[in-house]
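Here the structure is laid out as structure tokens; the discussion comes afterwards.
We just call them A, B, C and D in the order they show up, numbering each chain from 1.
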Amino acid sequence: MEITFVLQHMGNHMEEVLVVLLMDVLLAFLSLKLICKWILTEGQSRITTPRKETDTCKIFSGVSEGITTGTPIHVSVPNTDQRGHDYSEMAVAYRPSHADATYDMKYGVRSVQGGGRSSARETIGRVASGAVAKKILKEFSGTEILAYVSQVHKIVLPEDLIDHDTLTLDQIESNIVRCPDPEYAEKMISAIDAVRVRGDSVGGVVTCIVRNCPRGLGSPVFDKLEAELAKAAMSLPATKGFQFGSGFAGTFLTGSEHNDEFYIDEHGNTRTRTNRSGGIQGGISNGEIINMRIAFKPTSTIGKKQKTVTRDKKETEFIARGRHDPCVVPRAVPMVEAMVALVLVDQLMAQYAQCNLFPVNSDLQEPLVPILRPEEALL
Amino acid sequence: MEITFVLQHMGNHMEEVLVVLLMDVLLAFLSLKLICKWILTEGQSRITTPRKETDTCKIFSGVSEGITTGTPIHVSVPNTDQRGHDYSEMAVAYRPSHADATYDMKYGVRSVQGGGRSSARETIGRVASGAVAKKILKEFSGTEILAYVSQVHKIVLPEDLIDHDTLTLDQIESNIVRCPDPEYAEKMISAIDAVRVRGDSVGGVVTCIVRNCPRGLGSPVFDKLEAELAKAAMSLPATKGFQFGSGFAGTFLTGSEHNDEFYIDEHGNTRTRTNRSGGIQGGISNGEIINMRIAFKPTSTIGKKQKTVTRDKKETEFIARGRHDPCVVPRAVPMVEAMVALVLVDQLMAQYAQCNLFPVNSDLQEPLVPILRPEEALL
Amino acid sequence: MEITFVLQHMGNHMEEVLVVLLMDVLLAFLSLKLICKWILTEGQSRITTPRKETDTCKIFSGVSEGITTGTPIHVSVPNTDQRGHDYSEMAVAYRPSHADATYDMKYGVRSVQGGGRSSARETIGRVASGAVAKKILKEFSGTEILAYVSQVHKIVLPEDLIDHDTLTLDQIESNIVRCPDPEYAEKMISAIDAVRVRGDSVGGVVTCIVRNCPRGLGSPVFDKLEAELAKAAMSLPATKGFQFGSGFAGTFLTGSEHNDEFYIDEHGNTRTRTNRSGGIQGGISNGEIINMRIAFKPTSTIGKKQKTVTRDKKETEFIARGRHDPCVVPRAVPMVEAMVALVLVDQLMAQYAQCNLFPVNSDLQEPLVPILRPEEALL
Amino acid sequence: MEITFVLQHMGNHMEEVLVVLLMDVLLAFLSLKLICKWILTEGQSRITTPRKETDTCKIFSGVSEGITTGTPIHVSVPNTDQRGHDYSEMAVAYRPSHADATYDMKYGVRSVQGGGRSSARETIGRVASGAVAKKILKEFSGTEILAYVSQVHKIVLPEDLIDHDTLTLDQIESNIVRCPDPEYAEKMISAIDAVRVRGDSVGGVVTCIVRNCPRGLGSPVFDKLEAELAKAAMSLPATKGFQFGSGFAGTFLTGSEHNDEFYIDEHGNTRTRTNRSGGIQGGISNGEIINMRIAFKPTSTIGKKQKTVTRDKKETEFIARGRHDPCVVPRAVPMVEAMVALVLVDQLMAQYAQCNLFPVNSDLQEPLVPILRPEEALL
């Protein structure tokens, strides 16, 4: 028996982007209206290129008379952005650094229209279910997940400019590049503009933090919390790397510089004075802020001529037609939050069943008790 | 039904390190003697601090009359390195940046002797099963997995010094730090010596490549090949980051600089001229060399006094007693190879069942056909 | 990584019955038209009470330009049979021997309209995916799965009347009760009529056989083939029992009466002269006909007054309104076939990856080789 | 992430029966001594042919200083019953109705000594872990699982002789055949004696009940509680059938005879007056007694000459040498209890995480609250 937030993307047919969100957890206090609102807020308005899809999110199952029933929630978001693409060229030539060639190598066939499952549109499903996961975490343990853009091309946001203890969603959403520092946001926007006019693209880095994560999440050996987070993040399109805590930079420190010393805080909790561990020690959350950074490569679709080959192994040239996004990193912000939220709800459920069914040492174990009553959560 | 190389570490009791290796795949051509040899070679001789455990690897199940039977293989490697530790201090004080505190937060209890499941000794089980996985990949598709140390503290091996097309195991094993460049190996050893005398420790980076990986491995959306590799690598103790292909450095390039153009090689195969994709596009292997880098933090156990707290929440000081390893990165080399091998065998089996049961387009799909007959493999 | 035919029912909302069929296996030779045809044939025409839904089966993903792409196939079958039910009574009173009370005990909430996931309509999804699974088995190994009604209330079809070597689908489909013997079919229909006029209902038994099942399917210990089949069958609504081979009757025999002696047939195959093992020995298929029987209780919905209680724990009376089916057993026939087919495709994929990647003893092992080329299958 | 009682049998080597019991649930109040005692009690003394293995059960991991640590518990039970078998004959001839032939068909190789994974000795592992699962259920919810022999060959215990509300373990264990009715126990023993003297064997039926099962266990659609129980029971060696509640006999009733009417009992609980549903409705437990019956075929190993074939496809004859058990049904009693217990702990953990993390309707939902404090449980 698997207790899990099962997330399944059902594909990406020509006519619609189908979002499927399976939840065996009972979310009976979540109203249909609220779910739709969250999905639309997260998945739509937080995307730089606005699309007019606000009124088209539809829930087919899992909700009855305003509350969820324990049945998987099926959310469908039609793709209204069909612009009469001519797919004939794409059907022949492999776009460089896209998944065209590898899908053929694997399956011997692929869905040209809409990009199939390698289209970034599949991430709407992740954001939709992540919205619900974030709600659960917020209600249950006051856990907050916030991501932001910390690098675009060569513009690197200095780490000490952002205070992770006080960072807010409003700060992140105050500009279209989703960088909480206004000055660096401007620089990033300029950097994107610089490549856009040349038909080129850039990548960057998304930083994500988790505040008030319950202690004790994660499993020893193979399913360490950082391993689960790494898999979740690296399953997003265009990712090239993942690091948490001190990350790759930490390899330049000595052990005495790197270790986090323990102390007892004013509430009697065991804490670390520094947080190079990134909120996770031995694969298990320790209650400090979890922080991680994910690298996204520059968008593969560019308005420049490139050499490539066709399905029938002839060399040719390819140039992408129509509009394309010169930098996907701001769009990746809600995707990263969603994947982190899904991992944490999974881990919360696991920990609740494994170690809270029979808690044995209440002095040491983190009690998993909702901070809000479900009735209160409805208000 | 799960078709998988199941790897289960059975714990780490005072008296023995138990290695359990479950394989539902039939390895009937693998002799008992060969398995023991591989395990010992991988798990023992490739560890810097030699231990005298060569003759103690024992197989309890899964092999009959010299060939495996399809039953899980149970390998036990006794811990003969018991040095009469006094665990009384450790039972009280949480060692900084170890898993002591988080195990208590999760379970309310922990196994002090031998470090329990957070001890790096659990990786013997990974290396043992990885040895068998590497053998399968080598026999089936000529796939080779090689890892080496590319950074120790501030000594960074320049990327262009190593030719991944011709790199050999002998080059890596030619020195104790497992860096294939002799000059940089010397620098790394000196760097380790420099901290050792001060009772301090350093970390570093392991680079791992896969040559001749079959095309088509990996799954769309959530189980992309890079996501599986990231989880596997990040489940190793002391890891802080994972990157593949162009990695974090790739975020400083533009799309036109980063994209890998396709061409047809002299054997009629679809290839890329550059390999910033790191052998994986859209989550699926494309036949180019897979390359990845994994960050390992400096060893937490150091011979210097550190502030910490006790289980009953009193502040205290801690200093590790006895010998300890000033740099674990060379030891991590076979661990990384093992985890990568386990992921690839899993993916190979999945691809074989999913897309080779009914191959539909032999011009495009990579045929999964063993390069050696089992009879030949026995020689 | 799970290699499997994943079957997921997405719920049962007021407005539609949603059928979701996930297949990671590549079915590229299956055309969209064929899939629709099979689903409609299996799921619709083989149901005693005809509904006019023939033209409403819609595939949203997984098929492109007439062939499947490896993407999960999403099939939707709208519920056009909405007859303006008054659910107000049902919302209050628990229907005896339905799932109303237990859903409340589990979830604290339930979907009254359409019965939620406890409605038998969810089985359309099973039949749809089972139709594809049966096609794969037929093409790959000539495997045939046939189920029929062998008991209705007190009318028990004598076992020796049906020859499992020659039984055909036409014989089963020659009458509405799906009993291949015309005389007993008449008796069964009369038995159903007898209770219908009284507003009562009856149950019965479905027998299912598998011919030409590949040898070697099933796993030792926990995932024996009979265990998988039992779970699959017992997950159908209204089931009360499962038996295979000699079943419960076999407990009245002695070992010398029950054992199946081996012989070598004219093709050099190892066979058993009798088949009390029911085609499975030690949890693994042996190539003989697999046979099993599944008990279905009488329909819970009856037109008679029954005592019950309300959600708020008051005693009351309940009588079902409108038409209801006095015997569901004929409808269960395609459901049983579907579940058996899904189990066997799962096992076939597992066996292919586990024991066919490196077959080691071709004299003993059953070769898993498609009997038809994919190209031929298209004709 | 799977939250589960993972049970893994590690094989069955010539020299020892290895029992592996994996538990991610924390059983910190279970002392090492208690676990050993339970395992020995369940697995050893409840077996008709006593073996002198009382002092040989050894725990290698998962327990530290008398309490479990959350690490998988590795229990090893050496096979001290080696009687210098001559396996040369068995290596050649397939024993009728054993797994010899099918293991060869699947793997092309098999472990002759000790029977490999098809030996009934593997069930010691199930009984060992089941013992712990039963302890958890007893402590958490007062849940009791009791099985007994209700049929041996043609001796059928009348159902109304046993009162499932008051049945005790002592009644069952009062005789070697494990039938709680002394008179029928005598008849069964005589029936076994009758075939033993002829070198033949008999089968029978085990009935199992669950009292005080928490309401709400089980999942809709595919993972119904009866489906999980059926799979668990049918994974035991020699099983031929499973039924629960009214079972196959229920197919002879009409709906009005079969339905269980609801009422409110003196504690205000929703109950059913009859229990033809067998404690499960719509796949979910309703708090009534769960009852099921499992058919076991007559032992395949008999002291009579039988026709068979050899591995190299020559016809021959076979007669089993040495002692063999004429009836395994009494031995199956603790196995059935163990498998039922493992299923219920899994379901309890799932339900706790899914529906107790945020209970939404405490008037309807069964609260999952331990009836004993862990501290009390230790006494």
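By our rule, a contact is a pair of C-beta atoms (placed from the backbone, for glycine too) under 8 Å apart; a residue touches a chain by one contact, two chains touch by 3 or more.
The chain lineup, named per UniProt: A, B, C, D = chorismate synthase.
All values derive from a computational prediction rather than experimental measurement.
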Touching both chain C and chain D (chains): A, B
Partner chains that chain B and chain C have in common: A, D
Of all other chains, the one whose Cα centre sits farthest from chain B: C
Centre distance in Å when chain A and chain B are each reduced to the mean of their C-alpha atoms: 27
Between chain D and chain B, distance of the C-alpha-averaged centres to the nearest whole Å: 39
Centre distance in Å when chain A and chain D are each reduced to the mean of their C-alpha atoms: 44
Overlap residues in chain A, where contacts from two or more other chains coincide: 26, 28, 67, 70-71, 103, 106-109, 116-117, 220, 223, 228, 355, 359-361
Complex contact set, residues of chain B against chain A: 7, 9, 94, 96-99, 101-109, 116-118, 122, 151, 153-154, 195, 200-205, 215-218, 220-224, 226-235, 237, 239-248, 250-264, 268, 270, 272, 276-278, 280-287, 295-302, 304, 306-309, 311-315, 351, 355, 359-366
Touching residues on chain A, where the partner in the complex is chain D: 1-4, 24-29, 67, 70-71, 136, 139-140, 219-220, 223, 228, 346-350, 352-361, 370, 374
Chain A-facing residues of chain C, complex: 8, 10-13, 15-16, 18, 20, 22, 26, 28, 60-62, 64, 67-72, 74, 103, 106-113, 116-117
